[in-house]
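In the two assemblies presented below, chain A is common to both, partnered first by chain B and then by chain C.
Moving on, here comes the complex of A and B:
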């Protein structure tokens, strides 16, 4: 696939290889994928509501452990790390847009940036875990924090692996200008992971 | 300058850059139709909310 200059050229080229079977099944596959994301939403919601219950039932938050109140989490670092993740959402969106306009080189660059930012976020989360002054077993705060952010971190890790696979596949010609459902799904998944973090960031660091 | 201040300044700048870009992307996405476009619009909108949170956190309005 070569870089095309005018948007019209790109759109024309995109429809040169339309596959009727793909066109027919794409919407159903997309609906299935969105439903899978919805199921993931339910999973996170269950844990978030458990956290809300624990938090509202506690007389003080962060709770007292051994006569001392646990310190609040590091908001400044979390804000910066959040921006790394949200930034990766923006780069992923640009990656998909460049693919749609058949700019493969730009697509590769934006996708690589997304992968790097995803890994940076995971490293930041690892730093947060190492510097946290609480444990999983020690308090309801620690249990909910490590469970929810750990589950989210696992989703980010899966997302990074998914994006690496997408990069390999796209460079091997699996996707074309008209057939790129995997890339659409990857972008939606990555945005979803970003949005889950919006809620976790607010609940654990800002509230 | 302490590490915390550096983190807050970087987060503040990044939140404006990323939030502004996300608003631009959302604006471009608005005319698009279909399930994927609709979901993308909702997710981009929520990501912009996340950027607002980051701005408020970096200036200590939220999170202390």
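Moving on, here comes the complex of A and C:
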């Protein structure tokens, strides 16, 4: 990191130390990254469409398999697990803000907390899968539930790996107080994964 | 008041040296021009494969009994012809090859926004081809290029098909993302949205569609893959799945996909016509914005492919109306092109011949599309040769003719050599005659009720004896098109070695790519030019400053304008 001491100096530096080439590249990369997230949104939307289609096509929901209606999912546990994921969004926000103010210790702490919360969420999701009373192949409910939450879980897993890479990079001095696009991208990605979960939580557990 | 300090970036500082060594220069290159050539070469290779499959289909249909291929091989042939044609020929050629070569040059950029990603997009393309063709070990996919479940769930080939198309879909998505970022962020100073060349407009609209729609296709095929391999019941009705849902998910991409085919061709025609009419393009803004309108409306018409599939009747009417509505922006374009021709000093060079043929063949394909969008007519025509005729008039008569116009138009810029004009014209006439002979009879055969995808039409003879004659006309004509493609390839190879040197601007065109040397240097523009206006106004000097070459000194090699007698000497 730069040799600046106070947060105020760091903020000033961001406005004074403008590297026009970097600013241009950053703009392009930000646009590209946001568009990639938008494309990812379409992927989830397509499977959500499939879920809505199958749900409305079914005479009852949860559907009947072999004469028995499948039970509803465990909303209480999922709500707890959701709090873990949404909490990780908050910690990620604080991590980035602290980086912007050159508080490296706090940044490391908040980022580590985010990683831990992400892993906790994945463990909770694993518990949910193991205790589920339906299978992937058994019904349209199982097909859409495991595929959508599995895709989301995969995104969380990728996010956790991404954040670990960011932690290593930031401690090796890849990013500075004015050039930290990788951290911005990581934060955006993490919030994106959170937002997707808002929809999935509503569609599978609350509705 | 203090003057605001202007951050000045001298772009000429950032010219990177060209890469050294064969591998970095020609194989894993990040240069958009080299990547365009790679797309062109691999795309034409797959064009020949798809064409061979088509010829096998046509030979099979020479005899009503259809004894040339076994019926299951015939199914594989038409499936692979459609699959390769759509995803490995047309889309890579019109977006990957044309878009990559022309668009960055037209906006005055040194490369696309993400050159490394561009290289990745290209290399996913042959990989997709390998995955698709490796399925021959287990049996090629054979449920038609649409691969509707439940029938597609019976074949192992479907799994390979899904993986291959997901791979090429990722490539398309990344290209779309890359081009969108390039057009939004990397235009030369002064090039406002309404000063952009029309091919760039078309590429931009295409890129948006590519970025959004292709992911939806990947999702549909991922679901189909999971159903085929792991029996996850998305589409199996006995476990609560819905086969018709696949059609929704598939066509939500595949209808916009036909605009991915055709929008770049629209862009090519909009570039070629003003050059060879020596007139400004008529209705610049109409042409530019109608591309966007088509791209947006294209997302709300997919269910017109599904009228007989058992969708709700109340749903049919809105889809029919929106489909008709697409005729409006498309018609605006066609009328603008006709108005561009009006009073122009037309020069019948090969690219211009292709552009003129496009106006006829594409419009014809568009009009039969309106027939198919009408619910009552569609219920009769659906699944018949009428659909095949319509589709090929749009794809071969639209996209491929647009692509051929582009190749013959930009070949001098890409290589520094002129194509042989005589061979070019011979190829043109062979293609147009072959196109008409192959696809025009399909329309009346389809209206008589001849179904598509049948390996034999013996049973059909009693009612319509003329079916044999017309099928033989189609078969013979289809070899004319094959000959045309062969002549094009020979012409390109011959011209690269022996062709006349083209100079900077052989056609007297006015977009930015014609101001740099041919072939363009590695860095494209030594100095980034400044743009002061639209490129099509032939009565004005070039609207650029800070050009690398003094191109105003190059007189346009055209005869003086002659009064058009039909316009009373205007």
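Here is the rule we use: the second predicted complex is superposed on the first by the 192 of 207 C-alpha atoms of A that agree within 3 Å, B and C clash if a C-alpha of one lies under 4 Å from a C-alpha of the other, contacts with A are read in each partner's own complex, and residues count from 1 in each chain.
Quick note on the criterion: a residue touches a chain if its C-beta (ideal position, glycine included) is under 8 Å from a C-beta of that chain, and two chains touch if they have at least 3 such contacts.
Bear in mind the structure is a predicted one, so any value in this text is a computation, not a measurement.
By the touch criterion stated above, A:31 is placed in contact with chain B and with chain C alike.
Of the two partner chains placed around the shared chain by superposition, chain C is the only one that A:49 touches, whereas chain B remains out of contact. In the superposition on chain A, A:93 contacts chain B only, with no contact to chain C. In the superposition on chain A, A:136 contacts chain C only, with no contact to chain B. Contact with chain B, but none with chain C, is seen for A:206 once the two complexes are overlaid on the shared chain. By the touch criterion defined above, A:195 reaches chain B but does not reach chain C. Counting contacts as defined above, chain A residues 27, 31 meet chain B in one complex and chain C in the other. The part of chain B that touches chain A in the complex is made up of residues 4-5, 7-8, 10-11, 14-15, 17-19, 21-22, 25, 35-36, 39-40, 43-44, 46-47, 49-51, 53-54, 56-58, 62-64.
Contacts from chain A toward chain B in the complex involve residues 27, 30-31, 34, 37, 72, 74-80, 82-84, 86-87, 89-90, 93-94, 97, 184, 187-188, 191-192, 194-195, 197-198, 201-202, 205-206.
Contact residues of chain C toward chain A in the complex are 7, 9, 14, 113-114, 117, 173, 177-178, 180-181, 184-186, 211-213, 215-216, 218-220, 223, 226, 230-234, 239-242, 245, 248-249, 252.
Contact residues of chain A toward chain C in the complex are 18, 20-21, 24, 27-28, 31-32, 35-36, 38-40, 42-43, 45-47, 49-50, 53-54, 57-58, 63, 136-141, 143-144, 146-147.
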